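Can you read through this structure? Questions will come right after.
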């Protein structure tokens, strides 16, 4: 793969532009896409950059096609990816669930917008459940939720590596804010940072005549018998669980002695981290926990974090999607679960801090 | 240090450039910076707002609800951005096209929509019997500083109409000191490299406007304040 | 159309003619346009509202305002969701055809108009357009051909001209890689259903546009078959054109590739 | 029937009026509605007699609007037909429509 | 509406046939559909019956079209419905989420099959999450999960009434077993059983000229501003919560003194109910709880049921979809949650009973 | 093809000729058919495997077994997922075209064959088929026209003949309500991309079928354009026909509506 | 009382009719009944299985894994349905086409696939290194009764080949007594109303076969048992 | 590369052989593969000389298979071409292919 920058290079650019560069750095060979706000600029930058780096691009007739052409590209042995949002994300679930069943290591970037339906083109964390569990059920995929331009870059590279290491479709989950805002990022060649790109392999079209020199590769997603599906789903689940320690990622801080832990993912985690620092400066004992992988979800890690804490507060720009995951994860522990849910709108540092203080004031009055 | 700046004006007034230059300059000064335009379904029309944050620590949400500095460049944008005003906000406005904005206890913190939408859509939205965001409160104490700059007039009379926004930028720098003039100049050199190379007079015009904006504040600031 | 002049202030115009101020419902604006929502949300110089003006005029002339349902797509057509004094449904991207087709099956007495962009009609909704045409659904589809995905910022559409620069063909559309432009009415003519109507109009010829629009509605009124009208339109915002360039692009560049006229009339048959 | 539906709460009658500037000439009158004119310039290019020019006054978006030179105007109505915003109204015939009533 | 039977009539038929009759009884006026196993026979019977009862039918080009034509039919003021399964269910989420946003009272029948991807055409409860929460997020819908042919009949009638009473899209969630098996059912005219059909109203095409005699109806699903979505989603949530007591349904038995409560929905609830009776006959103190509405979920009712119980066991033909909901619902209670998960395969009475006995034996050994 | 006779037992047949038992790889079976998976899973008398025999023969004659990738749809075509000694991908219903088109873009050296039913191609996947044709994607699409949705039990397909009874047209297809049959190759010809190929074959004319299949592959080999082949096929299971009726339906009823032949040759151009 | 019956055979043998008549008869007798065919992606071919449950209390899953009565009518269906055999199962088979099935300790309870799939598909599926369903155990005690009925031969020689399945039905009734002969007769009258009306000789043929099946058991049962 | 992929575990060589019944006549030989013949009857209808008839033996699905009357057969190969299951092989020419080798 060609080096994309001479040396580490600090840039000030939009998140969508970062992603186009990250895909180049990750060695992505072809993008398949259909326009939808707020991810369009990934395509715009990619179509400008791709010819310079000899990468491919195909604009398709819809997201179904974008997703299925991506699967074709991956099965041809290429690092292929697509990007979408909102209503396009719904359609993309059809190819994603075929990728789950057939273990096709395709990569998707999802920049969440408002929901449900066409809603707004701007921002939200309302596609979290869809990104993690979309499709007709029980497939396995990896979902990284990023919070900064640097993470967009780092984790898109990682997403390709995860996909091709474990053969689970992999999603990078961002949002419209991340796509459209500008902030600083350092672009680099992965090898300069000791990151090796996991090699790809063709599923079909390998050398040799099938049936003569080698067995033909026969891929399918249909089964005739109920018990086959039972076996496949269970086997996948076991494999996914076994791999979880390798894949799962989270970030936390100030957990010791915390009276409350703030939980948030993606860009909201920036606000809660800052809020925690703010409160700590004021002497308020609070910590934070941020799942970086939403699938697999850092269940054990979260349980450990909240074990000794009286309460957590979940922050999300959604009506309780992360909240569901948290509730499920901490089930059985005595921790009280509060939530600050702002479907479709951003959460600022100040208001996060205010919410926590308000809660602590009220609950101390009760005690 | 954490400064939240919103710049609002009509589509053609160059508010996004102001935001971008500010952000680029801050970034070049080694500060944490985010810049975000607002965007909606339409391609054009309506009030355009640039959101910039400059800080010495990592930044949370790239949008915000209360601005430290609010720059308003057209009558419509005053209406649209009332909600960003909070005690402590500095409001900078183009006094050649806008009357001094009436910032009173009742307008501070009022819920309004952030949008670049053309009128019809946005108005309709504003007209909905919205119940506002929970936890929102109208703040009753006001401690707002307003600074009027006759930027449009000066740009037209003394400089060029098209450098109107850079003149405003100069004023912002003078008033807020979020970034140094040198940093802003460097940012412009970087961002307009190709344009400046093709038409060197552009550089001169812009830098002249920047200077004029800086100097304007020194002379007019007191008068415009409330 | 009554034009109440409810206020007037007279002034001498520079050319010596008198200029008065009148306050009026504006009789240039079809009654089917909802005045309350004007000025509308389309960009300056956009062709969409010209198409919608022709539609309004046709609805008015056919006197079907009371039973016409207007459906619009996602794409700049959505900006027309409250454009008319017509019951209107803004649907999903590419899905206006099935929504209106479903409505028509349930209420054949209504006149269903499905309005969409070239991306919505020829790309993501092409299975619906094609199959509604095949079924000869009694609906009227009006498709705005502006050669780009306008609302998302100007990406290549199925109608983008060869060598045309868009956000996803920054070096110009290369037909060898992305194909030649889609020719909708020609395709409808090839499907050639009995009683179907297919034409291509242009915002550059308003009278003809009204005529085609009326025929596309009359065909539904007569319960003859599917009616399809593509309209060459403008998008100065994404084309980044001056008014002169805008017209040149529609009248010269586009019209070279897209022939204006009627391609299938209800009398024709295959 | 509107429980929870996303329909606008609109009055049934659609009575909005616009302010128009009518210029009258013997051939007919030409009206511009400044609050509708977005200054797209399409009419200027379409006028067969080059009768339309930019005005110094502003239109709907704070951008310049157009006006017509009635010396040149042949009241052909093309500008009105083509205006995407219905910002022009052209009337042939008697100098003052009001008087003719 | 024409009477569909002279008098209550006991029949022995397949579930899909029952549903065609139920739709007739519910006064459904038009069906839009696309073939997919195991729901095809609904269409087959409907196309045979519809002309006799002057009802309409349209076979569309895909599920997207089936869903969106259904929305058109409903907005025209008709009781319209569609049916699907599996991969078709994924596609149907696009129109369903438009229905959520625009409060279009369309009715869907979903006969679950194996998952993910094309999988099997037979059976599963793996579309439970999709049926309840599909789409790009946070819309509101009502989901009834049936367990017998009689319920297919009763609840499809109810589904239309719920949809048109509250204007939430409504789903009847069955499965391939229910669709394909034969068992007894009593068909009846709703009015004979005191069930009134909620009247419909056109969204568009009402009498009068819009803008002259009345305001035009302008429906949309797109918004320009983040805060609008925030408001809409929150307002819907509040409304949905307020309506929950009216809509929510569950079934339970033998809860008193139970050492364990068995939880299952749909056809699996038949097995657990029988297992409970079997065990009770043996003197084992167990009870059961079955959510009938999966959305709204009977959270309060379940919490009340399990409050004093040491353990519950969740049974489902899925990998933990109902389990997630149960975990979320009972969060904070000290109850232990066991699960018997058989993705894509049926659960029999005997094995349910065995599982419970096994668990109780083991846990009593521990005590 | 070598035919090793590894065992033999001779008997006198009734007509006086000798009948021997041979154990052989069966040279009537193309080498591209995977013997291990035979007998295959198609019903007795199904036309699918005849089409797949022609495909195998064409692949063999063109000597491209080593670089052909076979994609099949959901529909009875999925029964061919392990049919060939070819790398094969069974995809989703209607999605074989994009999977193979995506593969071809990524690996232009491969020969991509997308095999599907008439439901998969003309209904749920019609946007893909249409747009791949518009883009002139260098793939070969082979579509089995059996006038029904066979795998789901015989519902109406876009290709169902007027008055034909199916599970969803129990009283016969009424074109006034459901449209006339879809004519695929004719549509492709109307799109008329330079270098594209469109033909309709039939399982009733095997030699011609092989010829058309070869041309559809050669066209991709020559990198000329999109290649489309519809094949009139049989479905005795859903038609509920005797062998005689099966042939009559293909050769008479279907062929009256569906003309067999080549509709667009790479030389032709629009 | 709760009887689980699986009837398995080749596509053309009419096993689904046996299941349907049994279920219809039980239903008419006021019993709780479910009938379910197996189904897969293919339209034809392979072993066909009918699952019937008859009970005096509500029925759980319409499929089951252990049968009280297993009827197998072709060699392939023996293989396919071994897994349904459990201690207590009565196996009824067509002794004119199948050898007495070898039911030994090793075959009882073995996991097998339920399917109507044609050979290739189903075999392939069976060949996968399946790990079996959790909690499944091979049972080692066997207490299985097998009853061979030379149904195909008798149907061909004494009756008509096409009433083969009704003859089997008669035998099932005689052996299991799950429903009365009258109920079965009524069910047939109801289900084949139109056919019987058109061709009354069909009624006679079928009812003769039913009788013959019933009587066969009385004469041959002892010999076939194990 | 097959970690977790739903590909079959197949041997690379495809060596399966079938049992064929060859009937030889002077014009050529006609082979039926009983384990492949599903008895669909399509060949019977297509044979130009009505040479094919039902056999009393069973084929692949336990349904009757076909056989050819070599008196009538003109070894035109149509039946073999049309057979969906490749259950027929036809060879023109020397009575015994083995002898000709």
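Think of it as A, B, C, D, E, F, G and H in the order they're written, each chain with its own count starting at 1.
Everything that follows uses one rule, which is that a residue touches a chain if its C-beta (ideal position, glycine included) is under 8 Å from a C-beta of that chain, and two chains touch if they have at least 3 such contacts.
Here the structure is a predicted model, which is why all the values come from computation and not from measurement.
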{"item": "Interchain contact steps from chain D to chain G (minimum; 1 if touching)", "value": "2"}
{"item": "Comparison of E-F and C-E (more C-beta pairs in contact)", "value": "C-E"}
{"item": "For chain A paired with chain B, centre-to-centre distance based on mean C-alpha positions, whole Å", "value": "34"}
{"item": "Inter-chain centre distance, chain D versus chain H - centres from mean C-alpha coordinates, in Å", "value": "81"}
{"item": "Mean-CA-position distance for chain H and chain C (Å)", "value": "60"}
{"item": "Inter-centroid spacing, chain H versus chain F (mean Cα positions, whole Å)", "value": "21"}
{"item": "Touching two or more other chains - residue numbers and ranges from chain H", "value": "8, 10-11, 14, 61, 63"}
{"item": "Touching two or more other chains - residue numbers and ranges from chain C", "value": "34, 38-40, 43-44, 74, 78, 82, 85, 92, 123-124, 126-127, 130-131, 151, 153, 158, 178"}
{"item": "In chain E, residues with contacts to at least two other chains", "value": "37, 61-62, 87, 94, 98, 101-102, 117-118, 120, 122, 203, 210-213, 216-228, 230, 234, 342, 345-346"}
{"item": "Chain A contact footprint on chain H (complex, rising order)", "value": "1, 3-8, 10-14"}
{"item": "Chain G partner contacts - residues on chain E that touch it in the complex", "value": "12, 37-38, 120-122, 148, 177, 180-184, 267-268, 270-275, 277, 342, 345-352, 354-355"}
{"item": "Partner chain C, residues of chain F touching it in the complex", "value": "123-127, 130-131, 134-136, 158, 175, 177-180, 182-183, 186-187, 189-191, 193-194"}
{"item": "Partner chain F, residues of chain A touching it in the complex", "value": "29-30, 32, 56, 58, 60-62, 64-65, 67-73, 75-78, 80, 94-95, 98, 202-213, 216-222"}
{"item": "Complex contact set, residues of chain A against chain E", "value": "86-87, 89-91, 93-94, 97-98, 100-102, 114-120, 122-124, 126-130, 133-139, 221-230, 233-234, 237, 318-319, 321, 324, 327-328, 330-332, 334, 336-337, 342-346"}
